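Presented sequentially are two complexes of subunit A, the first with subunit B as partner and the second with subunit C.
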Partner chain A sequence: MRQRRVVTALAIPLAFAFVAASCGSDSSSSNVTTAGTTATEGTTSTDTTPRETVPDVDTSVVAQTEKPVMGGSVTMGLEAEATGLRPWEDSCSSPCYNIMRTIYDTLMEEQGSGGYGPYLAEDLTPNADFTVWTMTLRPDISFHNGTPLTAQTIVDMFPLQQAGAAGASAISSSKLTGVTATGDLTVDYTLSGPNSAFAAFLAGAPLGMPFDPAAATADSAGYSTNPIGTGPFTIKSRDIDNETVVVRNPNYWRTDADGTQLPYLDSISFRPIPDEGTRLDALLSGTVTAMQSLRQGTIRDARAAGGNINLIEFQGNNTGGGMYNTAIAPYNDQRVRMGLNKMNDQKRVIEALGGTGISLPSTQWFSTDSPWWTQEAADSYPAFDFDGGKALIQEYVDDPARTDGKAPGEKIDVELSCPPDPTLIAAMQVIEQVWTGTGLINVKLTQYDQATHINNAVSDKHFAHCWRWGGQGDPAAQIDPFVADPAVSVANFPNYNDPEMQQWAAEADATDDFETRKALYSKIMTKINEQAILWYSGSTAVMVATEPDVKGIISWDLPSGEIGVGIPDAAVRWQEVFVSAG
Partner chain B sequence: MVKTIAFILLRLIATLLAVTFLTFAMVALLPGDPVDTILGTGPRPPGIEEQIRADLHLDDPFLVRYVNWLGDAVTGDLGSSYITDQPVADTISQRLPVTAQLAFMSIFISVLVAIPVGVMGAYKQSKWQDSVSSAGVQVALSIPNFIFGIFLIWLFAVKLGWLPASNWNRLSDGVVPNLKTSILPAFALALGQMAVFSRLIRSDMISTLQENYILSARAKGLSDRYILFRHALRPSSLSLMTIIGISFGALLGGTVVIETLFAIPGLGFSLINAINGRDILLIQGITVFIAVMFVIINTVVDLLYAVLDPRIRRS
Partner chain C sequence: MATTEFDDAQNAEIVSLTGGDTTPQDEFVVPQGVKPPRKSVWAVFKEMPILVKLSTIWLVVLLLSALYAQLDVRVFHGSLPLADPNLQLNGFNPKTGEFGTGAVLESPSWQHPLGTDALARDTFSRALHGTYVSVIVAVVSVTCGVVVGGLLGSLVGFVRGKTETGLMAMIDVLLAFPALVLLLALISIFEVRDLFVISFVIGLLSIPAYTRVSRANSLAISNREFVTAAEAIGTKKWTILRREIIPNVLPTLLAYAMVAAAAVIVVEGTLSFLGLSVQLPTATWGNMINQARRDIKVDFGQVLYPALLLTFTVLALNQVGDFFQRRSSHRASSL
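After this line comes the complex of A and B, so read on.
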C-alpha cells in the first residue's frame, strides 16, 4: 500500500461567522515544494511538518495504514446547501465543493507538497511567457452519460463558461481569452497576459471541472439538479435543502495503488444543517456520520465533546480581520490607520472570539505553516502598542490639515462594522473599548447581515470593515484583484491604488520561480502592513469530524501517487474515503 | 348573504393588493444588490453587471416591476429564482407540505395539551391544580422555542438516541420515518402555543361556567365532566378558534428559526436562504404566499364562528 501522509492541526484559527466570497478560491504555482498544510487523522504520529514559528496547539503527521474496505455509506452534515451544481454558473464554496467533487473531477489537483499536479489532465505545460498553456487529457475518460471527454469537450465548454456568472469572473481573473483543440486530447488555453498560476484555475470550478456541454446547453436549469461529470459518484437524488444522495460510479476511471476500483463507498448522503450546534449534535447522536465546520467555536465544542468522534482539523491560508476604506477620511491618512492597528490587541480579540488555544495571531494572509509565509511580512505587522497608537491618532487630531475636515483637537469618527455574529460583536466591543480609551476616537459599531455586509464593501459603503483574507493555494488569484486599480477591480475593497504593488503582482504572474514569487508576495504583504490597509484577528481553521470508522478523509492522492492537499475549506475528496471494517 | 360574501371577497382582494404592494416595496428597499450576490466579490468582466440587470429587469422603475410581477402572479407565474433558476412556484409547492405539516402538528399538539389543562384550570379555579398549571404555563411562555428545540435535540437525540437531531424524512418515505423527524420540531413550536391556548380556554371557560344554562345543567344533576366538555367547551372555544387561525397563518411563515435549527426544508428555511442571497423573486413569492394564506385562513375562521356558536348562527 502506498504511503499516506497525513498531518495534524498546527493552529486552529479563527473562523469568522461570515464567509466573504473572496475567501474560497484556489490557485497556485506548479513548482511549490514545501508542505503547506496541516491536518490530523489516524493514530500514530511523527512531527515532520515544516513551520517557521512555534504554534500553541498540537501538530503532528500521521500515517494511515488501514486497508480500505469496499462498500458502506457516509452521511455528511454540511454547513449550507449548494445553491447549484453547475460549475460554469453557480458560485461554489465549501459545502458545495463537497458535493461537486463527487460528481466532477478536476483537470488539475492541488498537491500536499504545494503546487498542482495533473488529474483528468495528463499534462499541462506553459509556453515561455505563460500566455499559452497546452493541456493533454487522459484517454478513455467518459462522463456519467457515456459521452467521452475530449479536447472538443473543453472547447465547447468555453462559451458556456463565458456566459456563466461564475465562469465569467474566473475567465477574467485567469486572463483566459480562448480555448483551441489542437488534437483529440490536446487543448491550448490562450491568455491575454502572463499567468504562471493558471494551473490553479484548472483545479476547481468554474474552469477546471469538465461538464457535458451538450447536456448543459440542452437544459441548463436541469443540470443543476441532475449534474453530469466524470467523477467517482453519480447523482441519485437531489432534494434541495434536505438531502442530496450520490452513488458509486461503476465506470470510474481510477483505481487505487493496489488496483482496486475507486471509489470505495457505495453512496454518500449530503445534508445541509446550517446550525453549528445541531450539526455537531447530529454527529454525536449518529444522525450523520460526518460533518464539516469552518468555525473555531465548533472546533472547540467538538474537542470538548471528546468521545466517539474523529476530528480532522486543517489549517489553511485564511485569516480573519478587516480593512479600512482608504478612499474616505479619516482612513485616507496612514497615521489614523496605523494608530488604530497599533491599538488592536489581537490576542484579546481572539479571546473574545473564543479562539484561545485554537487561533494563532496572524500577520499576513498566510498561516505560519504555509510556504508563502515570510518573516519579513510578520515583522512588519505592528505589535499591540496603545501609547504608540494613541500618539499617531493625537498627531492626526492636532493636524490643522487633517483630512476629515474637523477642527484640530476634535475627536475622529470611526465606524466599525461586522456581521451580527455574537462572537464578532464581542470582538468589536474589545476593539471599541481600546480605541475609545484614547479619548480621541468616537467609535460607532454597526452590524448588517452578511449579504448587506458584503454589498457594502462591494459598493464602497464601508469604513472599518470586518473581512476575511486569503485562500488556499496560489496567492495570485487573491492578490491580483486585491491590488489592482480599484477603478476596474471590485475586489480592491480598501480602494488602495498602489502601482508598486500592482507591478509586483504582475512580476509574480510572469515567473514560475517559487522563491521569486514568494519574495514578491512578501513585499506586497509587507506594504499592506506598513500602510496599515488591513488588520488581522487570527488565522482561520476548518474541521471535518466523523464517526471513528470513517477513514481516508485526508489521505487522498493524485493519479501520480502524490499525496493531495487534504481538506482545504473542509471540502473532502471522497474517492478514497472508506468505512473501516473494524 | 350574497352581499356579505361579495363584501368579504372585495375585502380579501383589497387586502391582498395591499399585502403584495407592501411586500414588493419592502423587498425593494432591502439593502444589498442581487447582482452582487450572483457575481460575488471576484473580478467582473466589463458589461456583465448591466447584462444581468437587463436580464432580470432590475433597472425597470419600481411600479413597472410591480405591475409586471402582479400580472404574472395572478396567472400563477411567480418568476424564477435569481440564484437557482428554479420557478418560485415550484419551490413553494415543494416546501409548503413540509411547513404545513409542521404547523398542523404543532397546533394539534398544542390543542391536545391545552384543552385539558385549560379546562382543569377553570374547573379548579384558585385551587392547587390551577396554580400548578398556571406556573407551568408561565414557564412555557418564558422559554423561546429555539431554546426548547436545542434542549429537545440534546435530550432525545444526543443523550437518549431515540430520535434524529435534524433533517426531514418526507411522508413518501413512510409515516414512521416522517414522524421521527417531525415530532421534535413540532413540539418545539408547540410549547408557546400550548401555554397561550390553555390560558385562553381557562379564562373563556371561567366565564362560560357562570352562565345561566350551565347552572341549569348542574341543577338537572348532569355530571361535571358532561357539563364541561359538552356544554361549556364549545362556546368557550371561539377565542381559541381565532387564535388557532392566526397561529396557523403565522406558523406558515414563522417557523424560520425552528426549520433552520432542525434543518427542515420548509418555507421558512427557504425564505431565510432567499433573504441571505437577496433572491428577490423568491422572497416576494414566499412572503406573498404566506400573507395570502394568512388572510384566507382568517377569513375561513370568521366563517367558522357561525358554525361553532349557535347564537351567532341564529343572529
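After this line comes the complex of A and C, so read on.
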C-alpha cells in the first residue's frame, strides 16, 4: 500500500499532464492551415467512411526563408499565468512552458523527425543495455548570473530534482537512480532498468532544464520569480497575474547559421488573458502581438477572423477521448466496453468539440503525422456501428452471469464524466444520445471541475471518464506507467492489468531500434483498441497566432541544424523568433 | 385606500376565537375583524401600472409555456407541436436508425423559431423546457423559504426572549457564511442532481433571509394595538400568532418571495452555468448559456435568447413583487 501511495503522489503531476487542458490540441505541426470538412450524414447505422479519407490539415514544419532582423519585441497573450518557473518543482503546462523556454535551455531537444538531438548537451550515449547514459555538455556555457554549466552542476541539481514535485515524478518514470560527474563536462546517468527513451526525459523541463543549484538551494521559492537558466532571455520583471517580461541574454551561447548572435528579439512580455475570446480579440486589436491557444473553438474563430494575423496550427501526439475503469462492473466486461465504443460516433464528437477540419480523428495515441502511428492500430479501432454495439450490450444485459449483479434484462448503468467545459459538455451529450437510444443503458452525465475530475481518476472513483492520451515526448514516458500493474502504478488509470502489454513495453525500453519499438508500441495500441479500454475523439490541435510581422515561430532548429519539432502544446521556442522589417 | 378595522360592517363576522375550546378565555366572543372587500384578480390586474401588467403577462406566458412543454413530454409523449428538446438533428437517431440532416447553429426559421444550438437541437423547445426548470426551482425554493422561514420568523418575532436570541444567532451565522460556497458544498453532497433536490437545497439556504424578513414584520405587528388588545383579553399566544401575526406577515413575505424567486432563478442559472444543476441533457437557461458561450462569436443568438428569458423573468418578478409589496403594506386586524 505504501508503494501505491508513493506512486499516487507521483502520478498526480502525470495525470495533469494527461488531461491538462481537456480540450486542446496537437500532433505534428503546421504553418497556416487548410480546413477540411467531415460529412456526418448517412443512411445506415454504420459509419462506412474509410478513416484514411478523412481530410487532413496541413501539418508540416517548414524552414524560415526570410532573413531575420535583430531587435523588436513581442507581447504574448497566454491562457493562464505560469504555475511557476522552477523546472524541478513546478508542474507546467503550455503557458508556463512558453515563459520557461525563454529562461532555460534543455539538454536535449525533439527534432521534427521525431528523434532527440543534443542541445545544451554535445553528446548523449547509452551503454549496451540502456541502463547508463553518458552525456557530454557543451563547453563555455554559463547561467545568466555567470556561473558556468558543468558536470558538477548536473550532479548538484539531482538532490533538488529528487525532492521537487515535477522532478521526482520524472525520475520515477525514467528509472533514474543516480547522476555522477565523470569529468568536467561529462555526466553518467544511472538507471534502475533499461530505458532506451531516456533522451526524451532530458528534453523535458523537470530533468532536462539546467538551473543554478546553488541559487535554487539558497532561495527555492524566490527562484520562481527570479529564475536563472542558460536560455536566450533573462527575467526582467515578474508581476504575477499581470505581466512577465524577459529581455535578451547578451551572453547567449547560440548563433544562427549565419553566425548572428541569438536571440533576435530584444524582449518578450507575457500576459495571462484567460478568456479565449478576449485573448483572440486582444491580438486582433493589437493589444498583444501574439497569442497561444489549446482550444479548437478558438482556432476556428481565429480562422474565421481572417484579417491580418499569422495563424500557426499544430497537431501533436495528444488525443482527446476517455477511458473505462475496467476494475468495476459493467466496465470489467469487454462486451460492454466495445459496445459503448462502437456506439461512439467519433466524427460527431469531434464536430461537437468544434474540431471539424481542425482536429483529426484518432485511433491511437499518435497522430497520423507521427512516425509512431501505424495502420495496424488504426484498423483495430472500431468504426461507428450502432447495431453492432447494441448487440454487444444486449448480449451482456441478457447474460445471467453479467458482472454488475443485476438481473438479466435490466439496463446497465453508465456514468460518463467530463470537466465542465462547454466543448466537452457538447461531446458528452452526443455520446449520451446514442447510448441512451439503445434502451439498454441508463446514462448519467456528471461534470466535475478539472482538479476533482483528475483526482477521481487517480483515486479510482471513475467510470467512463473523459481523458486525454499521449504526449509529445517519447512514447515510453507515458506508455510504461500506463500499462504497468495498476497495483503499483496509479497512472494505469483504467486499471487494466495485462502482462503481455507490460512485456511489450519492457521490450521497447530495452532497444533503441526505432522499427522494433514502433512495432511493439503498435501492438500495445492495437490491444488497447481490441480490448476497448479507451475511446478516442480527435487529435488535439493547438495554435499560436501572431501579427504578420512576427516570424520564426515554427521554424526553430537545433545546433546541429536539424529542424525542431515545432510548437507542441503551443509552447514556442523563442530564440529564433524575430519581427520582420517588412 | 386606507382601511380601518371596522370600515365595512356588512362584512363583519363574529366567530369564536378557539373554535369551541372550553378554557375560560374561550368564553369571550369577540369580533374577528372586518375584512376589506376581496378584489377580483381582474380588478387587481387593472390597478397595476403598465410595466407591472406587462410583467404579469410575461410570467403567465412563461408558466403556460412550461406547462405546455411538460404536457408534451409527460402526457402527450411528444405528439404536441414542439420539437424534442434533446434530439440532435444532425446526429444518429437511435429511434429511426438514421443520421439526421439538421444543421448546427441554424438561424431562426419557422421550423426552429430560435434556431438550433451547437448540437443541432431546437433552441425554442429547449428554452421552453428550461422555463419549467426555472419555474420549479422558484416555486419549490420559495415555498420552502416562506413556510419554514416565515413560520420561524413570525414565531420568534412574537414570542421574543431566549428563543429569539438563540434562533436569530443561528440565522446570523448562516447568513454570515458565503452563500454560494455553502450552496456548492450542499449541492456536492447530493449524488443525484435532481431538479427537486436542487430546488430544495436552494430553498434551504434561503430560509435565513425569509426568517429575517418575517421576524422584522412580526416584531412590528406584535406591537400593534390589535395584538395588544388580543393579549389583554387573554387570547392564547398560538392563536394570536395564527390569527394575527402570520396573516399580517404573509403578504409582505409573499411580496418578498416574488423578488426572491428572481434571485433563485439566477442562482439556478449560475449553478447550471457551473455544471452543478440538473443533469444533462436537461435544458436550463443557465446551461444553455454555458453551452452556447463557446460559439458566441459565431451565433450570438444562442447565448442571447436564454439570457433574455432570464433577464425578463427576473425583471418581471421584481416588478410584480414590488407592486404587491407596496399593496400589502397595510393590513387590518382580523380579531
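The rule is short, and it goes like this: the second predicted complex is superposed on the first by the 520 of 582 C-alpha atoms of A that agree within 3 Å, B and C clash if a C-alpha of one lies under 4 Å from a C-alpha of the other, contacts with A are read in each partner's own complex, and residues count from 1 in each chain.
One rule holds in what follows: a contact is a pair of C-beta atoms (placed from the backbone, for glycine too) under 8 Å apart; a residue touches a chain by one contact, two chains touch by 3 or more.
Please read these numbers as outputs of a predicted model, since none were measured by experiment.
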### Task
Answer with first, second, both or neither: which of subunit B and subunit C does A:A352 touch in the superposed model?
second
### Task
May I ask you to decide whether A:G277 touches subunit B, subunit C, both, or neither, giving the answer as first, second, both or neither?
both
### Message
Quick check for you: in the superposed arrangement, does A:S285 touch first (subunit B), second (subunit C), both or neither?
### Response
first
### Message
Contact-wise, after the overlay, does A:G231 reach subunit B, subunit C, both or neither (first, second, both, neither)?
### Response
neither
### Task
Compare subunit B and subunit C by how many residues of subunit A each one touches, and report the one with more.
B
### Message
Looking at A:N455, would you say it contacts subunit B, subunit C, both, or neither? Reply first, second, both or neither.
### Response
first
### Message
By the touch definition at the top of the document, which applies to A:A165: first (subunit B), second (subunit C), both, or neither?
### Response
first
### Query
On subunit A, what residues does subunit B touch that subunit C touches as well?
277
### Query
Any idea which subunit B residues touch subunit A in the complex?
31-33, 36-45, 48, 52, 83-86, 94, 150, 153-154, 157-158, 161, 164-168, 170, 260-265, 269-270, 273, 275-278
### Task
Within their complex, state which residues of subunit A touch subunit B.
20-22, 25, 77, 81, 83-84, 90-91, 165-166, 168-173, 220-221, 224, 239-243, 271-275, 277-279, 281-282, 284-288, 448-452, 454-459, 481, 484, 489-491, 493
### Query
In their complex, what parts of subunit C are in touch with subunit A?
86-88, 90-95, 97-101, 104, 118-119, 193, 274-276, 279-281, 287, 290-298
### Query
For subunit A, which residues are in contact with subunit C within the complex?
40-45, 277, 297, 300-301, 304, 345, 348, 351-352, 354, 384, 386-387, 420, 422-423, 425-426, 428-430, 432-434, 436-439, 444-447
